[in-house]
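Presented sequentially are two complexes of chain A, the first with chain B as partner and the second with chain C.
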Partner chain A sequence: MSENLPEAHGASHGTDVATHGDPFADPGLPAHEPRRTDIDERAAKRAERQVSLLFVVSMLATVGFIASYASIDADKIVYIFPLGHVSALNFALGMTLGVALFCIGAGAVHWARTLMSDHELPAERHPIEADDDVRNDVIEQFKTGAAESAFGRRKMIRNTLIGSMALVPLSGVVLLRDLGPLPEKKLLHTGWVEATANKPIKLVNMNTDQPMKPEDIVQGSLTFAKPEGLEESAEDFQQKIAKDALMLIRIAPEDIKDTKSRDKGFEGILAYSKICTHVGCPISLYEQQTHHALCPCHQSTFDLADGARVIFGPAGHPLPQLKITTDEQGFLVATGDFDEPVGPSYWERPR
Partner chain B sequence: MSSASGTNSASKPASTRAKPANKAEAAVDWVDGRLGLYSLAKANLRKIFPDHWSFMLGEICLYSFIIIILTGVYLTLFFKPSMAETVYHGTYLPLNGIKMSEAYASTVNISFEVRGGLLIRQIHHWAALVFVAAMFVHMMRVFFTGAFRKPREINWLFGFLLLCLGFFDGFFGYSLPDDLLSGTGIRFMEGAILAVPIVGTYIQMFLFGGEFPGTDIIPRFFTIHVLLIPGIMLGLLVAHLILVFYHKHTQWAGPGKTEKNVVGMPLMPVYMAKAGGFFFLVFGIIAAMSAIATINPVWAYGPYRPDQVSTDAQPDWYMGFAEGLIRFMPGWEISVWGGHTLNLGVFIPLMIFPLVLVAIAVWPFIESWVTGDKREHHILDRPRNAPVRTAFGAAWIALYLVLLVGGGNDLFATHLHMSINTITYAVRVGFFVVPVLTFIVTKRWCLGLQRRDKEKVLHGRESGIIKRLPHGEFVEVHTPLAQKDLHTLTAHEQPQPLELPAETDENGVARKAGVITKTRVKLSEGFYGEGNQIAKPTTEEYHEITSGHGHH
Partner chain C sequence: MKKLSARRRHPLAAVVVLLLALAATGGLYAAFAPAEKAQADSSAQSLAIDEGKKLFAVGCSSCHGLNGQGTSDGPSLVGVGSAAVDFQVGTGRMPAQQPGAQVPRKKNIYSQAEIDQLAAYVASLGPGPVAPDSKQYQPSDDPVTNAEQVAKGGELFRTNCAQCHNFAGKGGALTNGKYAPSLEGVDAKHIYEAMQTGPQNMPSFPDTTMPEEQKREIVAFVRHTNDEPNQGGLALGSLGPVTEGLFGWIFGLGTLIVIAIWVAAHTTKAKKS
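== the complex of A and B ==
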């Protein structure tokens, strides 16, 4: 401590100190310089009034908050430049609350800065580490305790205790088992699995709920479809649509580069899973000229004219394609499931 | 019994304490008799706090956390964490008659029908963003000034855990309204979980209670978001603050400040007023921000459906670096062990994410191992005086920013009219190149600043006065620095790099340094070796220059 005190360095009289002794030595705490409010009572009075004014404004703002809550309708929309159309209640409540809180804070800080003492004081630090006596004493006490418990001597007790402590958390892990079912083959198939050659399932337009004929699908268009019978009101609609959703595109057959893909389609109409093979976002951005489909989440880009091959982005494999045809009435149908699981890949996914 | 009580009353005076002067003192005396208040307050009432604006950053974290808890409790009173389907019939007409979950419907209700509900939702979300941002900046302050060094390494870990938990709690909270954007975020999480080898599908089934999305995920997230994580965070936060109190604040080098003292103003009254007032300032500003700037307008996105998505699907910014990792990664998918799929395109980013975080967590231990420094440190380093540490931190921030660009590549593409592919390729290169370049540039910059400090100490400050010498030469007069400035600029330590032990021991027997020792010496050389720090001016140098010869 003492080497920090000014007298230890022959005090600090300006810059000439540097010429004798250690020029880099610590000159010690500088002398306190009074603020204006410390020496001018009028300035102090003014600061006092400013602090009080801030607190009064806060009180008024709280009254304004309560008045706004009671008098402004929740659905009232007003135009406020430059914010545009905003909820009047939200704006009034937020601004009054903001002012009420801010002024308390500003008042307190102003008070501390102008009127409370600003004398800097040193406080001593003590090392965090205990000194050797304390350390040795504690270790001795611990050894006594340990010896009295005979923990080290009675090995059988020690080992069985460790064993029981190691095993008991397993109960907690086991209890988590009923959080959910086992994966089994659930991710392998979609709702289209129920379609067979004898009992095909119609493709239904996602927006109109109507079955579709090939002539309904214009070349270069993108249509979203679901299996017939999957109603929005169904209990498990969300879970089903997460796998069953289709996108239908129609490409001039001669533009389809992948023959296997062409054969799965019908007259150039191709049905791909709408679920991205990266992490499962629905793909919905389609470029008519290039036949590229882009996932808006992570920009995986698929060439729908080439078997939905990945041409850019983080997806690891092409979009699964559903084989489609028409039934006797001429509606687009599927006669089976996708050849592979839809959506993001996983460990058990066959490759 | 009666005789016993009689004996007690006979030997009555139990306390020799003077009578309290007033009612308030009497009340405090009462509490002291039960809780030992005076002993508790003795050390703390006039506890000294050093003053520096950067010490407010931690306070912002604390206050925004309190605001989040206050507003969060309010929101739980109105929010229904249920995925049961309902049809909306409320005052927000565009959604009328639309099927949605109770979670989404109640969020819309809070926004449009509960008076003040929208404001509280906005304050909750804004405060969460401020909380994470403040934790980031607070952590940078601690890192760049070396405030994490002994005895504060454990508190660094507490802070690090708070930051990680903050990320995740933010993500869970963001997911709760079950709107189209947040549902997409949960879907992303599901895909990431499925990419985990061997156990991925099991974790997915157990977490979601079946296939995606199921009906359990929102209620489960709700419990995690409002109970599990905040509970842990509250515990960590209290421990963090107790340690701050126990260690006392760090301080900058300066006149009168040493490793053995702390210089500042007392808790009561100055810091009670300043810190207490600052809580209201933070709360007031967040409230005003929430009144002015709409955040997360879930009613505009619509309810979640797994087959629908909006463009610019974006997480909150603090998750942007994870999003960047996943976006720039090429789609590598390989087949292993006959028929099993390993989705490296998702799994690698999933692993880099925690590795980057762990690298930050263990830094204090790496640094003390390299330096071999086992002493306590309470005086802060100026970032320039620890060039390698500063360069490392800057490289980390640069990496973070590169990943943020990657995570928002769609926004950059639309706003800057650039090809999204180009941006992604640039991020792929930038991931490896930018941190290295930043490291090199920052280190050189720090060394330059050290040289300038040295120059200033030896030659003084430029005064702006031009003098003409008798023989016609013009010189600028330099004013010597005051001793307090000389001290401040030379107060820092300059550790020397470790050296390899002699090749033979004292008996002349050959002794080989192990790989670990060699690595340590190499790293130490990289930290403090030649070219990694500028030697401080010495007293001799100073005297030689200021003794008159060529003094200008």
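== the complex of A and C ==
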């Protein structure tokens, strides 16, 4: 037992504080006050009944849960004031299960507060460091051990030990290699790589599945495109569209600030990759008056009128732009791949 | 010549000559007569344009110029078409209450008849998208066709609209204070017109890249998500995992901590009761 306990303090110490004029003296713990349920048997009985009532309510709620699961039609919609039109089944299940769990918790807390033992138990805190004797002893033992191992004298043993310890982690690195294989050239090119000047690939509208002519893309519009031949029913459609997706916009040619970007487009129609160069989210929050495109994931913002320069956010590169032109029938086509890999940076990425 | 002179005395010769003379006179008159004096065109369309011009002068000209040619405060309205007027004025965005990153939706103060007159006037400035009639934007009443439209519209919505307006059409933030407004409770006609004309910073989706039928399907989908009943729980604006996580951490955990402190701080001492 500690001196901090009220018994050890005694009343004398407590009253001495004021008379000796030491305002910072340790007042100790306040005297123990019994709870009403400790001294009044009727109050204890009442608390017992309250706890039991909470547990009974929980039981009833569980029964209600099962009953509503069995009886309420899953499609039934009812009007409940603050929530509006809600599914009757989901509402009943949530309410009954919530009440059942809450009453168990509330009952347990009420039980612990009113009826369980009310002893005050001080837990004293001690300095963490060991005392000087123990510390000196440990240092002594360490020195003796070092001297007896002759670690400083037998240099060959020491050096080979260091060598073996340094090499052991390499086995872990070798095991990590199993996380591979590295992407190699797979991220370097998209589906547009198969386009050549002799065999161009048409840009197909994602909405209509039809190729487009330049006059279809009006200024201020936004159109999404995929390479011709990539069908949504194809097994690897999702993997391919994750690299091939394009957004087409049209800007008055004199408003395009980057001449290289203007040359890649066709009469002001620019075809940018839809994949953000930060972590590869599909971006297309295009503002037609400012020509900014915003990525919803981390707010990287690209100026599409200026070669998709990054003007805000964590993206590391401008959006790659696909060079487009028209074929002899007047449809928009690409004659090659993007100049640089689409999407986020990776180790082998050139530049 | 002999033949002609032989028939000169024919009883009908005078009639023939008279007819020829009349035809020549008429033809010459038609060719040389002064152009017809301009007549007041009293057709319904031109009356609407006149009325619209008056309304325009009062409500719009201070920003868009007396003839809709545009000023430093407002863009030119030549070629924006009647659909844009019907959308901007019909949703209360125009006349704008103050300049800013984005003109918000507010209560519309014009009657539909006045909006039509304004639209007629602006449409007369130059050709542009025409305000749709209800056949173009109203989704089908037939439940089977409607369900089909909703399904197709959902796919189109996720391709073209969800990036800004959120997958449930609840809207979202853009750059520098701009935002994509919620589509909840927006008139079918106004959704259609917005796609047609691309108001403010929204890109347009003209019929060449998104045919009329697809716009109707998108309207059907937005209608459907608006009317969908709550399946229970708090939707938290349907804004996705960020709001839900924030709500869980701040309000969920916060409430639990407050309850834990309350339970520990209030012991039931006899003197308190």
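Methods note: the second predicted complex is superposed on the first by the 255 of 351 C-alpha atoms of A that agree within 3 Å, B and C clash if a C-alpha of one lies under 4 Å from a C-alpha of the other, contacts with A are read in each partner's own complex, and residues count from 1 in each chain.
Criterion: a contact is a pair of C-beta atoms (placed from the backbone, for glycine too) under 8 Å apart; a residue touches a chain by one contact, two chains touch by 3 or more.
Nothing here was measured: the structure is a model prediction, and the numbers come from that model.
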Most chain A residues touched (candidates chain B, chain C): B
First (chain B), second (chain C), both or neither touched by A:121: first
Would you sort A:297 into first (chain B), second (chain C), both or neither based on which partner it touches? first
Considering only touches as defined above, state whether A:97 meets chain B (first), chain C (second), both or neither. first
One more residue to check, A:135. First (chain B), second (chain C), both or neither? neither
Should A:316 be classified as contacting the first partner (chain B), the second (chain C), both, or neither? first
For A:77, select first, second, both or neither according to whether it touches chain B, chain C, the two together, or no partner. second
Could you tell me if A:30 is touching chain B, chain C, both of them or neither one (first, second, both, neither)? first
Could you tell me if A:155 is touching chain B, chain C, both of them or neither one (first, second, both, neither)? neither
Check whether A:346 is in contact with chain B, with chain C, with both or with neither, and answer first, second, both or neither. first
Once the two structures are superposed, pull the chain A residues common to the chain B and chain C interfaces. 83, 86-87, 90-91, 93-94, 109, 113, 118, 206, 224, 282, 284-285, 296, 299, 312
Residue numbers of chain A touching chain B in their complex, please. 1, 4, 12, 14-15, 17-19, 22-30, 69, 74-75, 83, 86-87, 89-95, 97-109, 111-113, 116-125, 127-128, 176-177, 179-183, 186-187, 206, 224, 226, 232-233, 238-239, 241-243, 245, 274-275, 278-282, 284-285, 296-300, 310, 312-317, 343-351
In the complex, go through chain A and note every residue touching chain C. 33-40, 43, 77, 83-87, 90-91, 93-94, 109, 113-114, 118, 205-208, 212, 215-218, 220-224, 249, 282-290, 292, 294, 296, 299, 301, 312
Can you check the complex and tell me which residues of chain C touch chain A? 156, 159-160, 163-164, 172, 174-175, 178, 180, 198, 200-206, 208-211, 214, 229-233, 263, 266-271, 273
Per the touch rule, the chain B residues reaching chain A in their complex are 47-48, 51, 85, 91, 99, 112-116, 118-119, 122-123, 151, 184, 187-188, 190-192, 194-202, 204-214, 216, 246-248, 255-266, 269-271, 273-274, 276-292, 294, 304-313, 323, 326-333, 335, 339-346, 376, 378, 409-410, 420-421, 424, 457, 480-484, 486-487, 490-491, 539, 542-543, 546
